[in-house]
Amino acid sequence: MISAYYFGAISLILIGLYAILVKKNVLKMLIGLSIMETGVNLLLVSVGYISGRSAPILSEGIGPNQAVDPIPQALVLTAIVIGVATTAMALSVAMIIYEKYGTLNVEEIRRLRG
Amino acid sequence: MIDWKLVLEVIGILIYATFMGFIFMGIERKAMARIQRRVGPPIYQPIIDTLKLLGKKESVSHGFIYDFGPVFAMGASIAALLFIPIANFQLFSSNADLIVVAYLLEIPMLGIMLGAMSSGNPYSALGVQRGLLTMVAMQLPYGLALIALIQHWGTFKLSEIVALQQTQGWSILVPALFVAMIVFDIVFQAMLGLEPFDIVSAPAEISMGPMVEYGGKHAALLFTQHAIQLFAETAFFAVLFLGGASNLLELLIKQIAVLFIAIFVASIYPRFTIDQAAKFFWKWPTILGIIAVLLTV
Amino acid sequence: MNGQYASLLIALPLISAFFVPLIKGLGKKAVKYYLVLITALQTGIAAWVFQEVYTTGKPIIVMAGAWRPPVGINLYIGHFAALFVLIVAVVSFLMAVFSIRAISVDPIDKYAMLFLLVMLGATGMIATGDIFNLFVFMEITAISAYALTAYNKTGEAAEASIKYIILGGIGSSFFLIGIALIYGSLGTLNMAQIAQLAGGMDATVAQVGLALIVFGLAVEAELFPLNAWAPDAYQAAPHPITAMFSAFVVKAGLYALARILYLMQAVSSWHSVLKLLIIMATLTVFVAEFAALRQKNVKRMIAYSSIAQIGLIGLAFALGTQSGVDAGVFHMVNHAIVKALLFLAVGHVAVSLGGAEMEKFEGLGKRMPLTAFAITVGAIAAVGIPLFNVFWSKLRILLATLGAGYSWAAAVVLIASVVEAVYYFRLIHTMWFAGEGERISEGLAVSLMLLFLAALVIVIGVYPDYAWSIAQKAGNDIFNVADYIKNVPLMGVGA
Amino acid sequence: MINELMIILFAPLIAGVVAWALDIKGIREAIGIIGAAIPLAYLVKLYPTIIENPIDYSITVSGFTLQFQLNTMSWYFAAVASLVGLAMAFGMAVTSRESYDWLFALMSFTGVLGVFLSQDFVGFFLLWELMTFASFMMVLRRNRHESLKYFVLSVIGAYAMLIAIGMLYAKTGALDFASIRQVLYMDAAMGTITTRETAIIFGLFLTAFGVKAGAVPLHVWAPGAYSETDQSYTAFFSGALSKAGAYGFLLLYILMGYKLYAAFGTFHNHLTFAYIIAWIGAITVVVASFLAVLQEDIRKLFAYSSVGQVGYILLAFGLGSTLGFAGGLFHVLSHAIFKGLFWLVTAAIILQTGKTQFKDMGGLAEKMPFTFAMGLIAVLSLAGIPPMAGFASKWLIYEAAISAHMPLVAGAIFLGSALAFAYVVRFLYAVWFGQRPSDLEDVKEAPLPLLIAMALLAIPNLVFGVAPGLVTQYINKILGGEVVGGDYYKLVTPTGTYNALLVTIALVIGLAIAGLVYIYGAKTRKIPVTNTYQSGNPVTEEFNLSIRRNFYKPLAEALEFWLKYSWDRFYERVAGMAEDFADSLRQAFYNGNVQSYSWYLAIVLLILALWGVL
């Protein structure tokens, strides 16, 4: 049942994680975050995939047995919307940081500590 | 209901003890003198001194506590005496045991100090300090010696100890108690305030220490107290270690023997300073005391 | 008024959130009072639901769109949910009243909307019976929390918010992966059905799925290595929001963690997950308490103390015994009250004296005696002194921990609470016995609220029976999964 | 009708809250005193009933049933605490200026009564914590550092007890004393609780009660806590609260005695666990007494002396023989009365002179005669001079120690009581006699309520001194058996007798004779103290002729090898290290960098992954 898509999804997640852990620039970290979210969404969709079946749009030719499992796709829709909202929120906060700190380097954004 | 026989005995013993106490002080002075090859005053000299002091026209007082001190000291000595079995007269000794008598013998110290402190004289304050320190120093070995004794005989009551010693032989015959006797003897030296430990009233340094302010009848009171104390302590020593006595004469001989040991030691040794005394007491006598105690447990 | 009106709990904040821009036209003051009105309404409904559930004893099941589970999403308002929805509503109401005075930064309508969304999210997380729905509500809460943290538009607020976003983002992504795995193997999203089928999953997928879900929720529930964002978020957020954070936002995450944990009891590696959680919870208590020891900023200090107490609740839940869960719920209730009281009071001081540094608190007893008294009651209660409410729940938790055999965990928690006593009493000493100052006027509304909360603390402390019985029913609701499954009318269809 | 036990227990707390709330000068004191008097009144009223059978009462709070019982032993401890509490209330009427003091003093009073009366561990722990908290708040007002030191140590003790309670609860499934005793009694044979666990539980209880009683390694809080609070409250603090620690040790015997015996056996025919307690007591007596002698501050001196005296009680309980218990229980009473009296005398001195160091005081005997008389009674009692209660209890402890074949422990008592004598006379000299500093010329006698308080505690010293039988008869009832024979005036033990009345009569005879000799001597001329050695001209300030300051310098020199080590400095270093560790931990972990925070998440993921594989 482990199909190729899982490896794709997991590698995307790891790339995203790598970006967050290594890149010093906040924007790059946010990009990493959204890559990870896409990876998760891919995983979510591939969970519902049944090979050899078509998209779950019921029309005359395609019944419940010919279509793939529709629920994960519904979930992914919500997840994508949430991803977008989070990224938009993050970018607006990043703008405030740049305005106030004058830098986006993660090392320097450390006023709140200890 | 007062049994008159006991009252008579008490009065008789008190007079006898005071008289013998003065004689002991006389002997002490006389023996010291003879050792230093001088003639020394007659044995009854202390009695004359006390009577002279009592005869003085007026004496100085510094307030109520100053007077209360010597009175309390003498009273305590008398009380202590009443609880020691003097030869065949039991007096009150059946009502108290070793620990009570040991504490009663220490109350006069408090009386003298009360008087000395209230006199406000710095020398007397120094005397009080030294008296307290000596007492603190000697208390541990003193306690250990008493504990060894009690553990061996298994009882606290003086009368029973005397009875046991009559039957089973004096305590000094028992090896462990002999060690205890040595410890007790060193402590005894300090209790009497004789030479190596007479730091309390070191004549040269702080001129008679606590007694410096005393004169007239206060001094007389203190002299009589010292006499009774001397008699009581020697009797205590005799009762504990030398098997008490069936009659007064035998007790007297033992008391004088004990006194002479103390005098001989006193006339040889120079005076300790107070912290040397403390260190000394907590070294040798305490070790000996612990040995005696462990042997008898 | 049958059970269906309970869905208003979710609907009301949502609808009123979208009406806010209209109210904005009437002026800034109107928005604030509107907020107070809505939260008051929400409290009314929540109180009615609480009374309904606790008298009838049966949970209220609300089915979205009348679809019966597992096809439709259902709200399961059992004893715990009823209790905690009421707490969410009450604390939101109090903070709404406090916001009137505390919030001066201009886009007040945005604040009102986000405030309602946070309340909605928390209520949703507690009430939902479907794990994806749980994820959605968690994201709603999270995003509005990110926005509210950055609301003050200062450098620190933005920094705190970015930290919260990145860590929260990672956490929720892994949570979603966990859901994907569980959906993949069980084919259902409804919690009751998952509980039924959990035994059948194959071991590795179950273990990885459970671990990832627990990891995702642990980030939200501030367990040890994952709670680095929490102190900054608490410190930088506006004062009413910090109180809401500690009173219920984090607790909703903790509840979700506990709910899923106990649902997946049948999973083979359940006990090793519990052991891991116990270690993390104990470390949370230990690190947070020691971190609070030499704090200069009182708000950050109380944030650490709140994290530690939440770690303690996490420990109670992770014990896996009925007494542990009951104690944990009781501590949740007490902690919500005490921390709401403390953050409200500290916020009030920060608002009136301009800042929450320790110097501002010197001689507070003379300048703001009522607030100082409130902080003292809160601090003494938080330390766990008898005749105050937290004592009973802390005692219960420790007895449960020792009962479950984790004496080392109890020892660590107790050492940590000694440290907690030290820094709280240092604060009390600075307030009452150091420093000078003449008395300044304290707002009537805030004072009333402080007195109400302080009175609540002492009343529960002196007579804890009623609170304990509620906590027991709520604890049973989480622990006893069998009757959770029985209550949910499953249609019996499924992969 | 509310049960009497509840009235006894909560009267002080309610009075304290009302006094704090009302906060009107006159009424506050009245309520406080009434609140403190109610327990004593009820206890006296209930005395006849508890002789036959104990009174029980239980309430259920949040699922726990708190049981309270007034039996002979709890009545004894409660009566001692109430007596000292009443004296404290009278004292505080004068010395305390804040309603804050009343609230917490009376709260700790309720705490201590609760500790003595409760029959189950939840109630015991709850009231123990309440007592600790209330007494801590009394000290917090005046000195933050000392109070925190006190609170941290006693809270560590309390939490150690909580862990022990938890472990017992886990093993026996019960929380109330009766069933725990039953289960442990039977368990001694089966041994479901392993020796190691019993050792841990015993160690934890030892720390808990050791902290409260002030046993040596844990006594560091005592000097600071006792001196940094309203002095008349300290009378109660050291008179009654330290007894809670001693009561704890008794509890240890009652609950786990047989189990501990079974677990640890005997060490040349002494119960091993009792032997440990005895030696803790002995070391406490010696160390605390030596420290007390070298103190320069009057409050510190009495604080260390309290620690030493409680050491006597622990020592007595540690002997394990019934005579030891009798001596310990008697000493609980005598310590409460003479130490309470000492603290009230200190309160009077500090109230009138405002001085606390010995070097500033002196020559107060004429200025404050009544306080001096009370001080003298307390001195005689503490030093153990025969006609006083102090001697009777100390005598019993001697008897018990030596007849229990613990010679070295008995030696420690001898040394301890000598040191007690030394520091008590030092107190007499430094405060009452010698050269009076010029600024103390206008000192007046202490106000009336304080004098009443002192009298309240002085009378029992004399009464129980001359008639110790009153106390020992009651103690026999507690221990259930003819432990100490003899009638009201005579104590008879298997190995010794002490007739208190006869000793008093002998002293009176002696004083009479000496008095006669004194009166028939010449008349005396009163001369003021100052012109004894200055031949009349006034003694000026800078020509200080008193050795009040470091009175025992030689002793300090003799001991300076030992004085290098101090538990206090050790604990301060440990606390400092803990705080630095906390600081470094915080700096390291919360370093503010989002990246490192993400690394923490990644590490946890790694652990999950590895752990999954393991």
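We call the chains A, B, C and D, going by the order they appear; numbering starts again at 1 in every chain.
We take it that a contact is a pair of C-beta atoms (placed from the backbone, for glycine too) under 8 Å apart; a residue touches a chain by one contact, two chains touch by 3 or more.
Fair warning: this is a prediction, and the values are worked out from it, not measured in the lab.
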Note = When each step joins two chains that touch, the fewest steps from subunit A to subunit C total 1
Query = From subunit C, which chain is the farthest off, judged by mean CA positions?
reply = B
Query = Comparing A-D against C-D, which pair counts more contacting C-beta pairs?
reply = C-D
Query = subunit B to subunit C: how many Å between their CA centres?
reply = 79
Request  = Return the distance between the CA-based centres of subunit A and subunit B, expressed in whole Å.
outcome  = 99
Request  = Express in whole angstrom the distance between the two chain centres, defined as the mean CA positions of subunit C and subunit D.
outcome  = 45
Note = Taking each chain's centre as the mean of its CA atoms, subunit A sits from subunit D at a distance in Å of 67
Query = In subunit D, which residues are in touch with two or more of the other chains?
reply = 586, 590, 592, 594, 598
Inquiry  = Can you list every residue of subunit C that touches 2 or more other chains, as numbers and ranges?
reply    = 162, 166, 170, 231-232
Query = Multi-chain contacts in subunit B: which residues touch at least two other chains?
reply = none
Task = Chain pairs that touch, all of them, please.
result = A-C, A-D, B-D, C-D
Query = Once bound in the complex, which stretches of subunit D touch subunit C?
reply = 60-63, 122, 125-127, 129-130, 133, 136, 140-141, 144, 147-148, 151-152, 155-156, 159, 162-163, 165-167, 169-170, 578-579, 581-583, 585-586, 589-590, 592, 594, 596-598, 600-601, 603-605, 608, 611-612
Key: Parts of subunit C lying in touch with subunit D, wherever the complex brings them together   = 162-163, 166-167, 170-171, 174, 204, 207-208, 211-212, 215, 218-219, 225-226, 228-229, 231-232, 272, 276, 287, 290-291, 293-294, 380, 385-387, 391-392, 395, 398-399, 401-403, 405, 407, 410-411, 414-415, 417-419, 421-422, 425-426, 428-429, 432-433, 463-465, 467-468, 472
Request  = Could you pull out which subunit A residues touch subunit D in their complex?
outcome  = 17, 20-21, 24, 26, 29, 106-107, 109-114
Inquiry  = For a test of understanding, state which residues of subunit D touch subunit A in their complex under the given definition.
reply    = 586-587, 590-595, 598-599, 602
Subunit A residues within the subunit C interface of the complex = 13, 17, 20, 26, 29-30, 33, 36-37, 39-40, 43-44, 47, 71-72, 75, 78-79, 82, 85-86, 89-90, 92-94, 96-97, 100-101, 109-113
